[in-house]
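Next, two complexes with subunit A in common: one pairs it with subunit B, the other with subunit C.
Coming up: the complex of A and B.
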């Protein structure tokens, strides 16, 4: 992960988008967690974009759980952007799909966060 | 039969190399099947590295990885001197019952079990721990 910035952050309309890149795997997970935690700002909603992830494993998915707990405890809304069929399948297998809001684009994620009727953290 | 054997120090700094090598080997089968098996094998390998980190001087410990395509069956074997313990079904039952937001809920084991046809582990008399995963491969998907 020397040449890849693991986390690219953008804040717009009080929504922070964290685009995750490279290997979100056991060998880099501590580094990844530090980058993410350092980059989080106060916002109404958070979009975690997984589309540029090169590889993810159970420790990477565990980090998403850590983030979910953090945002849930701070009354933040979180949407994950994912278009990878295998990752989605693993969300289902581990029942994380019942907790995470998942979409396939940033535009859709913003709509979910801005929807006043959308209820977050219901599957817990 | 196609075969890949790796023997490396149980250090996570080699994980990228291992992933690259095993993925290269898996190019002989269709992309989707390769991706699923690769994910499962990676999980077995990180379990092994984690066990070595927890229980021993891992820099001096070797883990052995074998990957074989034998007829229609893909076989992954990972051996280390520190892993093991417990019953697979107990782990799986716990991982299914626990709240999804639990940080430690054996997700890796759940994923391996989901992604392959056969998944078992055993400890030999000499203390060596071995995990074996198997998956039937559609020969139509094998790149020749």
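Coming up: the complex of A and C.
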């Protein structure tokens, strides 16, 4: 995966957006982990934007679960932005659609994070 | 001194540099007779400077390389280019050593000469060879855990197993519990390579034990999940270990299959009535503690064949949706034909053997053929 910045971070109104790019697969997963670990800031909510992801495999899914567990332990609200049908299918067959908050846009994700009645995953 | 502009001084500095550097250096004349060898060369090979003076570098030849190897070297340097490669050479005392070498021509006073610089990489080669031996042993152990194909009057279970590297993150197991009940289990551990393969051995040890205690899918998978969560408990959140799995409990007397998918692709049922897919969705195993696992029942009244596979079969460097369509078209064709070859063999032939260059993960396919009887 050349010339692709795997993670681009932006913080606005105390919400951090992590835009993930490229292939979240076994060969590249270390790069995502390294950038995410380094880049996470204290925020009220986190948006994981997968719209520029070309491919995701079981190691990529594992990293998303790791993030969800991390934010759950740190009382952060995490919303995933995804518009890809194959990635959604992966969430469904692994039941992760029941764990993750998933939306199709950044605007919608901000609304979910700011909605005080929204119930986020607290661990099972 | 502002700089080494004085020619004699510079030559002296170069000489000392080459003589004392921790890199072997040899210079030959145009007829490949050694005219200079540095101290590092003598230390490594055991030859003195006097012994190699005027002789050809092939005194180091081990006869471990082909004629083509040396032809390629000779043609490269005679064409004025640099040859780079790894030699297995022989020292004066007869022992062998490995060196990473560069050989290139130079011109000195209009005369062509050849320079070889090399570094001893015997330790690296030894480690690589030991690693290869270990991996082969791991591969042998892993393969020995797989059950043999099972052929009974009313059930046939066959498996195809192709690791992407020497060892696999896939594992399967089946067992006859009695004369009418059979368990079939398939797991695909996150990642591939030695780490995933080690995890498969732990999974098989646990699952064979659990199948015999209580083979019900929800019980086996629930208990397996708890034990895996315990086994790979870590505070480092980046060290996540999990696997997807498919589990079947077949009762040939009741003509019923209880099945469960844990983050695993759907299974296919192929009969002369057509193709259908079945799936009972659950979390992958090892992701979350204390979750419940569900299963569904499938009653069969006709002879049929059940196909289970790991996603390496359909996740290639190609369009995954198209790969699924290819698989389904193939199964449709199989349901209509009376091919002498089996379903498993045809799936493997069309989607693995003839498509090898696109495979980028471990591939496992299992077929369970069930006879409904009269």
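Note that in this section the second predicted complex is superposed on the first by the 122 of 124 C-alpha atoms of A that agree within 3 Å, B and C clash if a C-alpha of one lies under 4 Å from a C-alpha of the other, contacts with A are read in each partner's own complex, and residues count from 1 in each chain.
Definition applied: a contact is a pair of C-beta atoms (placed from the backbone, for glycine too) under 8 Å apart; a residue touches a chain by one contact, two chains touch by 3 or more.
If you're wondering where the values come from, they're calculated on a predicted model, not measured in any experiment.
After superposition onto subunit A, the partners subunit B and subunit C occupy overlapping space and clash. Legend: residue contacts after superposition of the two complexes on their common chain; A:70 is shown touching subunit C, with no touch to subunit B. Of the two partner chains, subunit B and subunit C are each touched by A:94. Of the two partner chains, subunit B is the only one that A:23 touches; subunit C does not reach it.
By the touch criterion stated above, A:37 is placed in contact with subunit C alone, subunit B being left untouched.
In the superposed model, A:57 lies in contact with both subunit B and subunit C. Number of subunit A residues touched is higher for B, counting subunit B against subunit C. In the superposition on chain A, the residues of subunit A touched by subunit B in one structure and by subunit C in the other are 26, 57-59, 62, 65-66, 69, 86, 93-96, 99, 124. Interface residues of subunit B facing subunit A in the complex, by the touch rule stated above, are 12-13, 15-16, 19, 35-36, 39, 42-43, 46, 49-50, 99-105, 107-108, 110-111, 114. Per the touch definition, subunit A reaches subunit C in the complex via residues 26, 33, 37, 57-59, 62-63, 65-66, 69-70, 86, 92-96, 99, 124. Looking at the complex, you find that subunit A touches subunit B at residues 23, 25-27, 55, 57-59, 61-62, 65-66, 68-69, 86, 89-90, 93-96, 98-99, 123-124. Here subunit C touches subunit A in the complex through residues 188, 190-192, 237-238, 240, 242, 244, 261, 263-266, 279, 281-284, 287-291, 311, 315, 320-321, 361, going by the rule given at the top.
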